[in-house]
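Just so it is clear, A, B, C and D label the chains in written order, and each chain counts residues from 1 on its own.
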Amino acid sequence: MWELEARFVLSMLWHYVAVTASQAAPWFDADKLPALIAALISIIIVLYTTYHRSSREKFKMREIAGLKAVEEAIGRATEMARPVLYTPGWGGDIQRPTTIASMNFLSHVAGKTAAYDCTLVYPTHDPVLMAVAQEVVRESYARAGYPDRFRSENISYVTSSQFGYAAAVDGIISRLKPASIFLLGTFEAESLILAETGNSVGAIQIAGTDSTIQLSFFIVACDYTLIGEELFAASGYLSGDRSILASVRAQDILKVLIGLLLVIAVIWSTIDALSGHAGSGWWSF
Amino acid sequence: MKNIETRHWTFLGLFVCIGLVMLIDVKLDIPVSAQTRKMYDFIDTLPAGSVLMVSFDHEASSLPEIRPIGLAILRHTFSKGHRLIGVALLAEGTVIGYRLMLKTAAEYGREYGKDYVYLGFKPQYIAAILSMGESIPRTFPRDYLGRPYEQFALLREVDNYDDITAVISITDGSLTTHWMEYGGARYGVRVLSGMTAAMVTTFDPYVASGQMHSLVAGLRGAAEYERLINREGGGERGMLAQTTAHLYVIGLVLLGNVIYFRSRRKRKPG
Amino acid sequence: MSDPATIIAGLLTLAILSFLYRDNPIYKMAESLLIGVSIGYTLVIVWTSTLMDLLFKPLFSDGQYALVLPLVLGLLMFGRFLAKTSSLSRIPIAVMIGSGAGVAIPVMLEARTLKQMSATVTPLITESGFPDVSAIVVIVGVLTTLSYFYFSREHKGALGTSAKIGTYFLMIFFGATFGYTVMSRMSTFIGRMEFLMTEFLHLGG
Amino acid sequence: MDRKVALGVCFIFGLVMFAQYFSQHPAARSVNQAILEYWQIIFAFTLLVGVVSVFKNNVVQIRRGQDRSYRLITLAGLVAMPFLALIWGIKADTPFMWTFENIQAPMQSTVFALLAFFVASASFRGFRARSVPAAILLLSALIILLSRSAVGTFIFPQMTEVADWIRHYPSMSARRAILIGIGLGSLTTSMRVILGIERTWLGGGK
């Protein structure tokens, strides 16, 4: 079924390229050609790793520090009879791929808290995230076999204001004293406010974000930090979900391609510089 | 319990240090960085009457750091006779931007509607940035006070980014990335920025890759800009407190390590 | 004496600062007020700038009937009020997620990946023909850090060494970012102190 | 059934948004514009759902007698703002803006200012040179901090140059690699979403 759909996507794209190429400037923006080629290459690689059986079976992911701690963190909360707090940060909305990665992670965490009968609290700044997270957690609880343990009011919209959200989550942390805190998503300046407050109540903290600047705060203040791309790979590692693992594989293939391209371009530009004629510059996209 | 107490001492120390320093009023002399000068030169050498867009992409909470930067840049643009269109992509920047523009425009006797216009706030910034690339009047049918777009002489000349020399994003977060990634990559708009010091490392690669033209960062950047335009605006005043706070943090880092290595030596006999 | 607005703002400032000692009723009061007021604020802003300006006015006064579609999509969100109709809200969410993902593919490729790649490419020698240490550091840094993010194999052997060097680069970045950020964080506090001392308490300055 | 519809909608909108990026044609631009407006409108309706749930949760807690006075304060603030806006409008110098400028904004700034203290406590606790990477982290932070604080140049005259070099070369190269990685992660995640392989947002399941 999905292979059919994948073929459909490819044929649509092919059609699109053919049509745009055949017509004059307005339909296709020539400046975007490198992006289009790169996108097509990436799509082919993702489809290959997802649907090609041998590539799927050979793949085993390396360990990511911090992910082993997830189980331990939830177990600890259960033992101490304290809740687990999960919050996706103020910077993301549902259109952002990072948020989707965070939802994947949430789904895994929720499955565990359901099984251990541990309270999961999820405050967010975005009502759309609240709606999606409620679905995700409800399903995880149902799949774990405990639909009755799900409380929708624990997945709540607090306020859209950045520091209103920070003040609210700080309040929740210092009152509920969660044993474990997951800070996964797109964070802005509130990152350290939350992480230090979490530290002051003695919680184990697992953080991960695509906001490069906040990573430095999480590294300093949290027990485990997933750096950028690790957040995307994490849910694949945790759940063993084949499709996520396949796209992690695709990311690795693309990374190798990028590395090779960089090396070739740097050597090329150096030779250009040595031989004295200014660069051919094919690498400036 | 012990953890809580140490934490409280570090808090109290900071409070006392800053409090004491602020009772004394001393100004520090600082050199102007190349970054700040690049921004200054860009605005300084534009032909008079160029249309610039200023976007207030910050929250009310970072006002203490943002305000001196905004003041310096707005003063400079108005003094050079450029025309400004103000927008806000975070709701809280709206009234701040409005007040800053009115204040600086009045200082230079600039006229609303002819020399500057304030369009106000649009939610969902990515959408707003992309949408202005299609059509600014469709994105902002009215100005901040609700008057129709066509009413203003300045706006009749402006349809989308093609009619604007550059966008200056005044920011305290990563919103400006969207100006570059959506506005810049999609519509080729030139992006400059005044930002909090915290954001500098985030935007370095963008400056290096040319996606961002130039930036002015933090109280220090504001102080530098104030020197370039020869006007005081609050940037220079906070510099001594800044320096003290820095030294305090350095002291804490060092102290933390001293304690750590001492306790390690005690544990390892011999 | 300060005006009432300054007194209120000053007292609320102190109420929030009291959290540094610990959670207490005064902080809790300020926090509750902040939550309530800020939700109300967002509600008003979104009502006027989105619902009125983008939807109701153009739809009902200008007759742009195509806007019925987003109106219906929006209303489907209300399905969440009843358990039975709750799954209807998946459709508007699908619109946001799908279109967000669609635009993210080229944007992420172009702005994050391609642009960063081309900026990394510089000759490894200076104009005078000597090796350019900075350029070499950059290319080594990018490649080794990328190798740290390589997930398909355990980090052993050559990959292990490279990933380890990558970690050092990461640490340099985190340290530098932290260092730069301290300045900014202090400015905000200094700004608040300036307000407390000069406007609220009329001390010094 | 509704799950299939949602997946279909997701696929179509994804494809349209993807395709329009590569075109400057007016038709493509207006499709783009329309979908972006949909985002805002859907968000607005969802906000109403969110506010209703906040309202409900607070009322339930008040009935149960939990934190009654605090919940009442929240509700009062929540109701007052739209009320003020309705009567006097929301421009500069209205009661609505007054409340924002004198109640909401100062509190927000102060929550933000708490960060200065948390930076202090984190610096004390988090920078101990326990290992080689931790030592590098410490060293890099110290150099930058010193270079930004006037004292640095007393200790070592070229401090600013060293700090700038770190920022522009080794530090930036790591950030580039992080960005490329995030770009790739976002890319494959988005593709999975559009192709319908990624369904966690629907509550998961096959």
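As a working rule, a contact is a pair of C-beta atoms (placed from the backbone, for glycine too) under 8 Å apart; a residue touches a chain by one contact, two chains touch by 3 or more.
Just so it is clear, the structure is predicted and the values come from calculations on it, not from any experiment.
Undergrad: Quick check: more C-beta contact pairs in C-D or A-D?
TA: If we tally the contacting C-beta pairs, C-D comes out ahead.
Undergrad: Quick one: report the Å distance separating chain C from chain D, using the average Cα coordinate of each chain.
TA: Once rounded, the distance between the two centres reads 3 Å.
Undergrad: Would you mind pulling out the distance in Å between where the CA atoms of chain B average out and where those of chain D do?
TA: That gives a centre separation of 18 Å.
Undergrad: So, what's the distance in Å between the C-alpha centres of chain B and chain A?
TA: Going by mean C-alpha positions, chain A sits 29 Å from chain B.
Undergrad: Can you list the chain C residues in contact with two or more other chains?
TA: Each of 16, 19-20, 22, 28, 30-31, 34-35, 38-39, 41-42, 45-46, 50, 77, 80, 90, 93, 96-97, 99-101, 103-113, 115-120, 139, 142-143, 146, 149, 170, 173-178, 180-183, 185-186, 188-192, 195 in chain C touches at least two other chains.
Undergrad: Check each residue of chain A and list the ones that touch at least two other chains.
TA: Residues 32, 35-36, 39, 42, 93-97, 100, 128, 131-132, 135, 158, 160-164, 167, 170, 189, 192, 212-213, 215, 217, 219-220, 227-229, 233, 248, 251, 255, 258 of chain A each touch two or more of the other chains.
Undergrad: What residues in chain B touch two or more of the other chains?
TA: 4, 7, 11, 14, 59, 61-64, 92, 123-124, 126, 186, 198-202, 205, 208, 220, 242, 245-246, 249 - these are the residues of chain B that touch more than one other chain.
Undergrad: Linking chains that touch, what shape results: line, ring, star, complete or other?
TA: complete
Undergrad: Which stretch or stretches of chain B touch chain D in the complex?
TA: Going by the criterion above, the answer is residues 6-7, 10-11, 13-15, 28, 59-64, 92, 95, 98-99, 123-124, 126-127, 130-131, 134-135, 138, 144-146, 186, 200-202, 204-205, 208, 220, 242-243, 245-250, 252-253, 255-257, 260-261.
Undergrad: For the complex, which residues does chain B have touching chain C?
TA: Touch residues, chain B against chain C: 4, 8, 11, 14, 18-19, 22-25, 61-65, 91, 120-124, 141-142, 177, 180-182, 184-186, 196-202, 205, 208-211, 218-220, 238, 241-242, 245-246, 249.
Undergrad: If you look only at chain C, which of its residues touch chain A in the complex?
TA: Interface residues on chain C, with respect to chain A: 16, 19, 22-23, 27-28, 30-31, 34-35, 38-39, 41-42, 77, 80, 89-90, 93, 96-97, 99-101, 103-106, 108-110, 113-115, 117-118, 120-125, 127, 129, 139, 142-143, 146-147, 149-155, 170, 173-175, 177-178, 181, 185.
Undergrad: Can you list the residues on chain D that touch chain B in the complex?
TA: 21, 29-30, 32-33, 36-37, 39-40, 43, 91-92, 97, 100-101, 104-105, 108-109, 111-112, 116-117, 119-121, 123-130, 138, 141-142, 145-146, 148-151, 167-168, 171-172, 175-176, 179
Undergrad: Please give the residue numbers of chain D that touch chain C in the complex, ascending.
TA: So the residues of chain D in touch with chain C come to 2-3, 5-7, 9-19, 21-22, 34-35, 37-49, 51-52, 54, 67, 69-71, 73-82, 85, 90, 96, 98-104, 106-117, 119, 123, 132-134, 136-145, 148, 163, 165-184, 186-187, 189-191, 193-194, 201-202.
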